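Note that subunit A is present in both complexes that follow, paired respectively with subunit B and with subunit C.
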Partner chain A sequence: MATTVKHPQGSPAIVKLEGVTKRFPGIVANDRVDLEIHPGEVHVLLGENGAGKSTLIGMLSGLQQPDGGRILIDGAEVAIRSPSHALSLGIGTVFQHNMLVPTLTVAQNLALGGRWWESPKISELADRVAQIAQPLGIDINLDARVSELSLGEQQQVEIVRALLRDSRLLILDEATSMLTPKGIAELGALMRRLVERGLAIVFITHKLGEAADFGDRVSVLKLGRKVGEISPERLRSLDRTALVDEIVAMMFGREAGDDAVSIPPRAANDDALLEVRDLHVSPTGDAPGLDAISFTIGHGEILGIAGIDGNGQKQLAEALAGQRAAERGSVVLAGQTLDGLDVGGRRQKGLRYLTDDRLGEGTVGSFPVSINYFLKQVGEPPLWRSGVEQRGEIGKRAEELNRQYDVRTPSIATPIGRLSGGNIQKVLIARELAEGARAVIFNKPTYGLDLANTLATRQRIRDIASQGLAVLLISTDLEELLSMCHRIAVISQGRLVGTVPNGEGAAERVGRLMIGLAA
Partner chain B sequence: MRATTLDASAGQTLRQDIGRRMAITVGPILVSLVLAGCVLLAVGVNPVAYYGFVIERGLLSPLGLQQTLTRMAPLLFIAAGLIVAFRAGMWNLGGDGQFLLGAVTAAASAPLLVQVLPGWLALLTAFLMATIVATVWSLVPALLRAYQGVNEIITTLMMSFLGVSLANVLVKLVFLDPGTTVPQTRTLPVADRLPRLFDTTITSGLVFGLVAIVAVHLVMTRTAFGLKLRTVGANPRAAVHAGLSVPLLTVAVFAISAALIGMGGAIDIIGVQGNVRADWNPAYGMAVIPVVFLARMNGFAAIGFVFLLSVLSIGGESAARRLGVPQTFTLVLVSIVLITLAVAEYLDHRYQQARRA
Partner chain C sequence: MSGFFSETFLAALLFGAVTAAIPLLLAGLGEQMSEKAGVLNIGIEGMMITGAYLGFVGAYYSGSFWLGFLSGAAGGVAVAALMALLCVRIGLNQIVIGIALTLGFEGLTALLHHFQFSKSYPRLGAVQVTPIPLLESIPIIGPALFRQHLIVYLSIAMVGLMVWIYRRTQLGLNLQAAGDKPAALDVAGIDVIRTRTIAVLFTGGMAGLGGAFLANVGAGLFIPFITNGAGFLGIVLAMLARGRPVWVLAGALIFGVCLSMTTAAQVAGVNIPTDVIQMLPFLAVMAMLVLFGRRASLPAALGIPYERGVR
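Let's turn to the complex of A and B:
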């Protein structure tokens, strides 16, 4: 517990972020984020994958430049140009993935980055390392090869390396992700000793418990926006359970500007439209598998899939769409089985999949908007006749869709990669709703969109359900699911661990299922 | 100068755009000529004399121009084959092996076939056999890339070494002409070769080459099949997402690419060379790669650049004999052009970014 330490109260912030914004093509990664980092504090940055944590430290460590806002260091505005510039400003970063050379010894690694015309002065280095490491209780064997060290030890080496460069601010990015529980506890103790010596630490994590255990101040990021901060005073006044509750409320709670709950009325025809039975997908090297997934969705029903990111959501969507081979199980749409059909066949039958990866797989960025509208219909008449592109017809249809879906683009010939995320999303929605759609899978449909486009997209999904289509809405934003779903299923490690009808108390029950507690 | 709004002056911006394109294409070529001239000076050759000679022999003299146009025939087929592959994002660097195997197949079959078949049918058969052999040769890298994800740059290069050697072995051991002491295949009589155009020495293979590259350009830009290939090239994951069979398309790309290059080999034999001598390897495949890049994989632009390469190579061959500059200097010149173009592109990109910021 991080509550008894005396802080240098009111000490001015070392680093201050004011309204920092960073955009990537199609995505707002950080949206007007304010942050203050004080010496003597462990400042926890908490957020799910994709919340914008990595981008934020990317800007602090000089890897990226903000598109808007200011970064103040000791009260003066500074543009952090490069990682070495960040180091010279006293900002040291220990990245999630190890940045040591495994074939070199610890001493050689620590000496890297010195002037190239001098041979490293190892004995001098040893003295300095001893000076730094001893009071911190770190034991470092300078002659050991890095590949022989445990991950925890390697991390200590990286921390010492940052301190060797006289860092005043130490950024630890997902530092616990590869550590054992004991290693995590040791890291916590080490951070405590570091802040006692007046250092500032920014500790990035997506684990609630660590934030509660190690933090002096907690900032919560959600979809690029900072949604809350718990100050040291407030943090000290809460016990651990109350603290976790408060953080959960911030991470999954309602934001100002969120639209009101509006669940579209169910269609009169209440039969099951999409039926999935006992779907199994084997895990691959980098992706979890699916285990006995079964559900049905009726006409006009929206079934939400909630869960922490990376629990098989994408695999589920891909298996349904035919992009990923299922080991067994069946998918039935409107009485017709889709098993054995490929992506095109399933699309033909009316099953549509709106991917969450708009630029990576949804579109071809260098192709014009018009072609991207019809990327899944290439070769089909009347847009292609005998395999030959009908430019007039394609242009006409694309213009129509532009109007119908309110896509703002300079022209239909503009490469789609130049459009904003919201407009790209509209193109994708138009593509999936092309004639014959019966069931639509939405994977994180509002990820990275600004508020106006988020609300518009949500309304579009409600409209689709009102037309009697079955909707599977995969989202990591619980509030989004609560605002429109009829039922919400929770996925965890490739299994559906429970289904909750939307309504009174649903938020609590889904939230508890998501963090692994029984509903 | 570009403080114009998007819709009001689209035409003007477009014109500026084309102007800029021209400037960053022509400028670097001039710079390269100067740089290459410095290289010539360093080896003690007057660059003005060299360039004058190359232009005189490759472009201005009637005979030279005819040789240049004849040289274009195989090069156009190779360019067509490379455009298919590169646009689909597959780096077929095995052109030399595919070309030579096609050439040897044509040289081995055509002289025998003309004895039993009508002339045109014999040439067509030899042409198709060469195409098939080259296609089959590309299957190994194609299948490895399609189903195992093995990098095709390595495999096509390796297969190219093997192909060149195999072609040589075939000439020396299997298809050796018993009538001569020089190791070479039987010779297709001049009368049986592809007709020449009008009263010149230009081979009609040039026409086939032009047809091939224009057809490839239209297929790649105007048809559903071409769009599918370009989708695989520009974003393979989007291709999977859109339901395209990427492995199948990959094999198709290699087959078409190698087939076109093999056709280039055949056209060179049945139109120009008549036989394959042992150890003959003009390495056209490698020479055409930079040309295709200069043309930005556009078929029509490639015709222009292939013409330029032919002028340089025919003129360069003459200059080699006269001025003692090695023939490979042509390649030095082409590479300098490529590097300066890349630098120009980079600088232009930086300039655009700086102006936008």
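Let's turn to the complex of A and C:
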């Protein structure tokens, strides 16, 4: 489990976060995060998409303000008001998406930020850049237009820019995501040279291997919460395999505050309720396809789909729900084939889908709660008659659902976009479970919810299974899957690479499948 | 038709062209800075008409053209301040606010003029020209270009000043960054809102000055709606010029010639309906758009209000 650092080595922390919290409409992006950043260290922030890494960086670089907690710099509490304030505090950030003006030259970009009435002193700048870049082995052509540089070169320009500003802390946000393997190795070497000169580096990544290779200290974020830290002493005492194991345990292991494992009991009934055979979906521009997906789910069974985000989970859910065309394969629900049916037809047969994109796809944010309950029945009697909305009937049913699912809203007329993520999720569950649900697909159902709502949603899913429905639970949170699934399948690049029955040792086996090792 | 090619006719045509071009030049240079910084300033017509009105009033009561120009520019800046507040600071839609400012101030100036002068249209005195020795005696070109009010020379000199600002100063860099990638400017530690505000206020000043010139020098009086789309022509010029001040000058002169033709052709008694002749400048706009408009590259963030931390 997490080793907390009691005696930070060497110099004291330059930046310290205490209980920092940041909320966005519907989600908690950072939940009471503590972090210490020391000079001479590469501090790796590891976490999956949506773990809250970028939000944390946004607050350190002055782009966003925390809703709670404190940021201490050199021991004194500071509110970082703006990017220029962050720079003056010595915090330089290289963002995931580069922050250079493509139409300007490198020199002009480096000169940005000077006082506006002055002329940019390009020759003076050239000298300083040479002083900084040469010892680091960076070669920069100051006269090149930024749009002509490779992404790796642009990144080097940004690092040099941060150093030009006398940064003491350099933050690299997903810096390797656009680099070639060679570029990544070079960046690693460069970071090493920088920390040897006493700089502090925060290196953000979702790649486990990079954390192990480059980090002096590793902090793991998961769904907005910090779930563990490996101190430099501990890190040095481990070999690479042991280190990877320890990080895997943190990323996928148990977490304080999680609910206990409780797998809903089910009658010994092996009849398949939902059967998917040989499902193929072709890949599109940025999304992976699906390759020969086959599985069955029985009555009252919860099948979990584990995997690193972006490996085809959303495509699987959408193909089943009828939102995405399958190239071939068949889906059978309770003996009836769903092939060829559209979204409405599948819903009619009892297949329901709860999207992870609650605000964008699941609801219409500006519509009242009441209409959002019945979005999928618009125009149908008895809620609509001859195309006219029956306000009384809709209102009555919406009030009833509010009570039944404990939705906290000022009124049924409130636009749903103003509710918290947990309440929006409840509305969606209520809607999808209505009349005749037989199988329910959940895609990341607790993403962005606070702990109380997370636990409530998990219990709701267990209850659904107890009623005899088939549940497909897609989640990037392995702990969540382990807490309620009967079986867990692992998806990787659009294929199911293995299925593990839940129980003793399942966590390790699934975790290894997820990072591409044999179970 | 022989009158078309007489020396006096050509000189008058050219003189008229320069007079007509200056307001367009000023508006175009002003708009160019806003657009560079990422603000599509549709309200420029409203800034110009305000400049024309206040410029005229200033000159009429003080008797000084210079005080007229000053009050015109100040009027333009005042309207621009409103635009900057609404569109840059609060981040409202630039097109809607721009149209509102244009219509609002066209109406307001017409109303004020009506209360003040009723149906009389008082005129200012003759324009005081500053001839440039030697150059003024060149045939045709001399009287057209080098026997003008001092503000004409200053306006043309503005082109050089703008080139210098964009190419050589920190401000020029900041403006371009604010239009092409405001987030990059922000993380470099420069306030995007402030940079854009400076650009919009500058546009207002230039448009106001252009309006004052239009009323005081071009017409010698104020008539409601006198700008008649000159601000919009400024927007067209700024878009076609792709960030280059010299191109604004060239475009303004082309439009100036067309505008001047409408008067000159009528004076020369060309047997074409005046309505057709008056269409000339707008035909020129369309021709220029067809020829150059497709290649016009606008700043990436043009028209998009900047809000920090929004992805």
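Note that in this section the second predicted complex is superposed on the first by the 496 of 519 C-alpha atoms of A that agree within 3 Å, B and C clash if a C-alpha of one lies under 4 Å from a C-alpha of the other, contacts with A are read in each partner's own complex, and residues count from 1 in each chain.
Rule of thumb we're sticking to: contacts are C-beta pairs under 8 Å (C-beta built on N, C-alpha and C of every residue); 3 or more make two chains touch, one makes a residue touch a chain.
Just so it is clear, the structure is predicted and the values come from calculations on it, not from any experiment.
A.B. asks: State whether subunit B and subunit C clash or fit side by side on subunit A once the two structures are superposed.
C.D. replies: clash
A.B. asks: Figure out whether A:Leu104 sits in contact with subunit B (first) or subunit C (second), or with both, or with neither.
C.D. replies: Second partner only.
A.B. asks: Is A:Leu63 touching the first partner subunit B, the second partner subunit C, both, or neither of them?
C.D. replies: Second partner only, subunit C.
A.B. asks: Tell me the contact category for A:Gly322 with respect to subunit B and subunit C: first, second, both or neither.
C.D. replies: first
A.B. asks: Name the contact category of A:Gly113: first (subunit B only), second (subunit C only), both, or neither.
C.D. replies: After superposition on chain A, A:Gly113 lies in contact with subunit C alone.
A.B. asks: Going by the contact rule set out at the top, does A:Pro83 touch subunit B (first), subunit C (second), both, or neither?
C.D. replies: second
A.B. asks: Identify the partner contact of A:Ser150: answer first if only subunit B is touched, second if only subunit C is, both if each is, neither if none is.
C.D. replies: After superposing on A, A:Ser150 lies clear of both subunit B and subunit C.
A.B. asks: Does the superposition put A:Gly360 against subunit B (first), subunit C (second), both, or neither?
C.D. replies: first
A.B. asks: For A:Gly379, decide between first (touching subunit B), second (touching subunit C), both and neither.
C.D. replies: first
A.B. asks: Subunit B has the stretches 2-10, 20-28, 38-46 or 164-172; which one runs into subunit C?
C.D. replies: Of the candidate stretches of subunit B, subunit C runs into 38-46.
A.B. asks: Residues of subunit A that sit at the subunit B interface in one complex and at the subunit C interface in the other, please.
C.D. replies: Touching subunit B in the first complex and subunit C in the second, no residue of subunit A appears in both lists.
A.B. asks: For the complex, give me every residue of subunit C touching subunit A.
C.D. replies: For subunit C paired with subunit A, touching residues are 168-171, 173-174, 176-177, 180-181, 183-191, 195, 198, 308-309.
A.B. asks: Please give the residue numbers of subunit B that touch subunit A in the complex, ascending.
C.D. replies: 6-7, 10, 222-225, 227-228, 230-231, 234-235, 237-238, 240-245
A.B. asks: Which stretch or stretches of subunit A touch subunit B in the complex?
C.D. replies: Residues 322-323, 342-344, 347, 353, 355, 357, 360-367, 371, 375-376, 378-379, 384, 387-389, 410-411 of subunit A touch subunit B in their complex.
A.B. asks: Help me check something: in the complex, which residues belonging to subunit A touch subunit C?
C.D. replies: 58, 61, 63-64, 82-84, 87-88, 93, 95, 99-104, 108-109, 111-120, 161, 165
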